[in-house]
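Several structures are given next for inspection.
One chain, chain A, links the two complexes that follow: it is found with chain B in the first and with chain C in the second.
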Partner chain A sequence: MASLRLLLAKPWIWSFIGALLVWLATIAFTGGYGGGGMITAALSLAVFTVIVGVGQMFVITLGPGNVDLSLPANIGLASAVAMKVMDGNDAMIAVGLLAAVACGMAVGAANYLLIWALRIPPIIATLSASFIIQSIDISYGRGLQIKPPPGFASFTNWQILGIPILAILTVLFTIGAAIALQRMIYGRSVLAIGQNIRAAWFAGINVGRIRFLTYTLSGALGGLDGALLAGYFRGANVDIGNEYLLASIAVVVIGGTSVAGGKANVPGVWGAALFLVLLLTMLNTFGVSAGVRLLLTGLIIVGVITAAGGQKALR
Partner chain B sequence: MTAAPVETGLKGSAERDRLARARLLRSLLPALSLVLVLLAIAWLNPRAISYFGFSLMLNLAIPIALATIAQMFVIAGNELDLSIGTFVGFVGCVTATWLKDAPLVGILILLGSIGVYALLGALIHLRNLPSIVVTLGMSFVWQGLAILILPKPGGKAPDWLLSLMAFKPPFIPFPIIAALLIAAVVYFGLMRTSYGVILRGSGGNAAALSRAGWSLLKTKIILFALAGLFGVLSGMALIGITTSADANIGNGYTLLSIAGVILGGGEFVGGRVSPIGAVIGALTLALAASPLLTFMHIPPDWQVAANGAILIIVLAARVLISRRER
Partner chain C sequence: MKKMLILGAFAAMLASGTALADTSDKKIAFSNNYAGNSWRQAMLDSYAIVTKKAVADGVVAAADIFTTADKEVPTQAAQVQNLILQGYDAIVINAASPDALNGAVKQACDAGIVVVSFDGIVTEPCAYRVVVDFKDMGKQEVEQMAKFQPKGGNLLEIRGLAGTSIDDAIHAGILEGVAAHPEFKIVGSVTGDWDQTTAQKAVATILPSLPEIVGVVDQGGDGYGAAQAFAAAGKPRPTIIMGNRQDELQWWKEQKDKDGYQTWSASIAPGVSSLAFWVAQQVLDGRTDIPHDLLVPYLAFTQDDFEAALPKIPKGGVASHEYTQEDAIAAIKANIK
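Coming up: the complex of A and B.
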């Protein structure tokens, strides 16, 4: 009993309960058919949201006003870079992945450069950067028809006992992120800055360096995500990252991370990502039209946020 | 003992002069950037500076300016509306279908949507929610509704709206008159009335306002309702120009409206916004995005980048001026 109460007190448990309820509702609708396949599919899709969600989580944890709006453009550009560098050649997979991550890191570093040099709110900095990145992507990726190397494409789809390899790797990555957040100087510094940036500065934390690292990390994860998405969906696309703006912010908030900063939650990102993906699967299973699907997705997100309540505005 | 205060007083007045100059320069920055863009256009293509040229180039400036004003009201209350673009699209779809076929139902839907905006303001205030997440969620709601109303591009604008937007006044092109009118009305309402001061104060120092007995719930509801109202006007103006609608027609307006407010000298926090600046910012974006690029023979791929570049340049100029302010 005591352990159950302890579990229910964790902010991240609710997102997992939500995901479970949505899954149960769907298999109740199908009469138990396809429940396992649904989990496999949900895991492979949730991975992409989790990767950018973790980056966005570190950024949002930096405190009010910190948010990375350049992720969709970043993902789009990195997907094109990855496909061009790999050029359908299995031998170039690692180089392509590195190129995509480097491209994302450059975007993240540029974001921080704007924030630092122009002393503007990160929302405006990442927004202006995303305008420019988007144009670079449109111009660079025009008519790009390169398929991912066969090895890379099958890697993004590999499964062991119905569990995608990519999901296992991402779980390991999120465990690493949780350790970095709670046990390493970097993560503790991010939390401290989010709680009180002045106090953190007086305590001797190099605030500029930590913020720079965090935006670069978020950019790098966006780049990695772009490459993986291009592998999974068999090709790069300017719009491939569009849905990840809402998704990355939503999973952070639904997952129990404080939008006021200073309090982050890694497991919640997984629960919220599974919840969102399963929600979409459920609406598709119910056979609703695209309009109704968008409408319900929006209403449920607003509803969940309202129920969870916020402590403070994101700015 | 007596000399010291006089000396600091003198220094103080010189300091004040310098500060006033920097502040003046800063408030002129939006107008300066518009003039620069106009000069560039005039230099590249002198024929564009004519009645016909302006009517054509500023065609889409009216809906952009209205959407920017809508965003400005939200930003004045220290919030951000990421759903204004899809909301404009939703209004467009209603305008091209219900408002033409069953005007009464159309008007009720549009009034209802302003009511939804007011409710969002109340919700955000009462539950202390992050406006970014709520409005991001709402952007899906509006888009979904727009697709349900108009699954395929089509519909037709009501005739009265078409003739209004095609109005050709003598000497001065309609978009310029409309921009002046919008700027003047909002400037008077928000900057010159006493309740306008309260509205801006809710973004400047909410705690002080509420101690003075003003309802923060009411200011937030009014700011969001005004945003909804101007969003509706923007969607209707857009359909009056394009004549038919599409569920995705307004999607770009979210980012454009934020950029317009910031270009126009608005601050992200503290209720510091400027209606005249916002309209000028919207005009600058409308001109710089497409006509200027076309005259410079830059492919349309870089249109979005031009918006970003202008934003960065203006913000950089602002930093340089602010440094002098210090």
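Coming up: the complex of A and C.
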């Protein structure tokens, strides 16, 4: 009982409860049919939101005003870079992935440069950077879909007993991110800056360097995500990252990370990403119209955040 | 008497419908609001090919292309106002909104400028609208499906961008088709936004809960994504109606080479921009009998001719068709009843 209460006190548990409830509602509707397939589909799709969600989580944790709005454009450009470098050739997969990550890192570094050198608020800096990136992408990719090499495409679909390999790798990655956040100097510094940037500075934390690293990390994860998305969805395109603007912020918030910064948790990102995909599954399965679907998505997200937030107020 | 003769000649000239009146000193501008996908790129390419030739041949004096970014209404409205000031005789427009640009379009009309909208049409009555017969396309999808799946069965429908007239028209056509073919039943419907990624995701989420699907009726741009979702879920491959994209036709060809897979493909040709150009030219030419709402055919490929078209489509692009002046005259004629 005590352990259950301890579990319920965790801010991330609510996103998992939400995901479970939505899944149960869906299989109740289908009479138990297709439950396993839904989990497989949810894991395959949630991976992409988790990867950028973790990057966004680190940025948001830096404190009020910190957010990376350049992720969608970054993902789009990196997807094109990865596919062009790979050029349909299996031997170039690793090079293509590295190129995508490097491209993302460059975007992240450029973001911080705008914030630091020109003293522009991050929300404006990353948004204006995204316009520039998107323009580069349009002239670089010419709006065409470039196909991934067959080996890379099938890698993104590999499954062991219905569990996608990509999801397993992403779980390992998130465990690493959780350790970095809670146990390493870098992560503790991010949390400290988010709680009070002046205090962190007085405590001897190199604030500029940590912020630079965090924006670069977010950019790198966006780049990696772009390459993986292009593999899974069989082609790069400018709009491939569009939905991750809101989704990356939504999973951070639903997952129980504080929007005000200074308080973060990694498991919640997984719970929230699964919750969002299963929510789409549920509404698609119920067969509601597009308008009702958007309405319900909004209401349910508000509901989950209120449930999670209400619990926090009691403590 | 002489006056009568001239009038008679003038009437004959109008009736013949060719470019007898001179448009060689007329300038036509193209106002576009987005260039970020393969369809828009092909639209701009087709337009550039046709208009470059028209300018070189002296049919019109200038045909300039102006593209703003991000489908923003205020930006495009400001652009239209600039085009008015720059003294163009006609504006061909792919509008960011059906009604929000009406004010700017009305200003253009009042300044004596001919406005021809296509794809993203404007509702302002003074403008011309070149509209593809999407309802018939939706109906035809089910007709074709009945040929490939004579026994009927369950269909999955992929809808386009919610709230657009195009989505409504194709959907209405599909429903009409299903009503005429009761052997088919739509058991699921998802929103694919004419986008491969969105469609693949939506289909992946609904597939586990669906019974066996014999066919997918969609709106173009979503067929390849649907095929990937079926493959990823390990479900049998249904008959998927395609939408003229290169990857869709390429996939179709691979399946056909493997086991004789059959389907059908249709979509609005991006080159409809060139048709809109010719309509503008015809109006400038002095024709007064052109209806303001022009219904034009969609571009379709069948089992017999899609392979011939495939090499001509740029990799990752979409099949287009450049319309000629004769095509435009024929399309106008078909709309005069």
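Convention: the second predicted complex is superposed on the first by the 299 of 315 C-alpha atoms of A that agree within 3 Å, B and C clash if a C-alpha of one lies under 4 Å from a C-alpha of the other, contacts with A are read in each partner's own complex, and residues count from 1 in each chain.
Everything that follows uses one rule, which is that contacts are C-beta pairs under 8 Å (C-beta built on N, C-alpha and C of every residue); 3 or more make two chains touch, one makes a residue touch a chain.
Quick caveat, the model's predicted, so the values are computed rather than measured.
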Inset, instruction - Following the overlay on chain A, give me a clash-or-fit verdict for chain B and chain C. - result: clash
Legend entry - Which of chain B and chain C A:S135 touches, first, second, both or neither: both
Legend entry - Which of chain B and chain C A:L295 touches, first, second, both or neither: first
Inset, instruction - Please indicate which partner A:G176 is in contact with in the superposed arrangement: first for chain B, second for chain C, both, or neither. - result: neither
Inset, instruction - State whether A:G208 touches chain B only (first), chain C only (second), both chains, or neither. - result: neither
Inset, instruction - Would you sort A:T281 into first (chain B), second (chain C), both or neither based on which partner it touches? - result: second
Inset, instruction - Name the contact category of A:G36: first (chain B only), second (chain C only), both, or neither. - result: second
Inset, instruction - Go through the superposed model and pick first if A:L127 touches only chain B, second if only chain C, both, or neither. - result: first
Legend entry - Contacts of A:F233 with chain B and chain C, given as first, second, both or neither: second
Inset, instruction - In the overlay, answer first, second, both or neither for which of chain B and chain C A:L246 touches. - result: first
Inset, instruction - List the residues of chain A that touch chain B in one complex and chain C in the other. - result: 131, 134-135, 138, 142, 289-291, 293-294
Inset, instruction - Using the touch rule from the top, collect the residues of chain C that touch chain A in their complex. - result: 35-38, 40-41, 69, 159, 162-163, 188-191, 195-198, 200-202, 204-210, 224-225, 228, 231-233, 245-247, 314-317
Legend entry - Residue numbers on chain B that touch chain A, as the complex places them: 78-80, 123, 127-134, 136-148, 151, 255, 258-259, 262, 268-269, 299, 301-309, 311-312, 315-316, 318-319, 322
Legend entry - For the chain A and chain C complex, residues of the former touching the latter: 26, 29-30, 33-38, 40-42, 44-45, 131, 134-135, 138, 142-147, 157, 229, 233-235, 237-240, 243, 277, 280-281, 284-285, 287, 289-291, 293-294
Legend entry - Residues of chain A touching chain B in the complex: 65, 67, 114, 117-121, 123-124, 127-132, 134-136, 138-139, 142, 245-246, 249-250, 253, 259, 289-299, 301-302, 305-306, 309-315
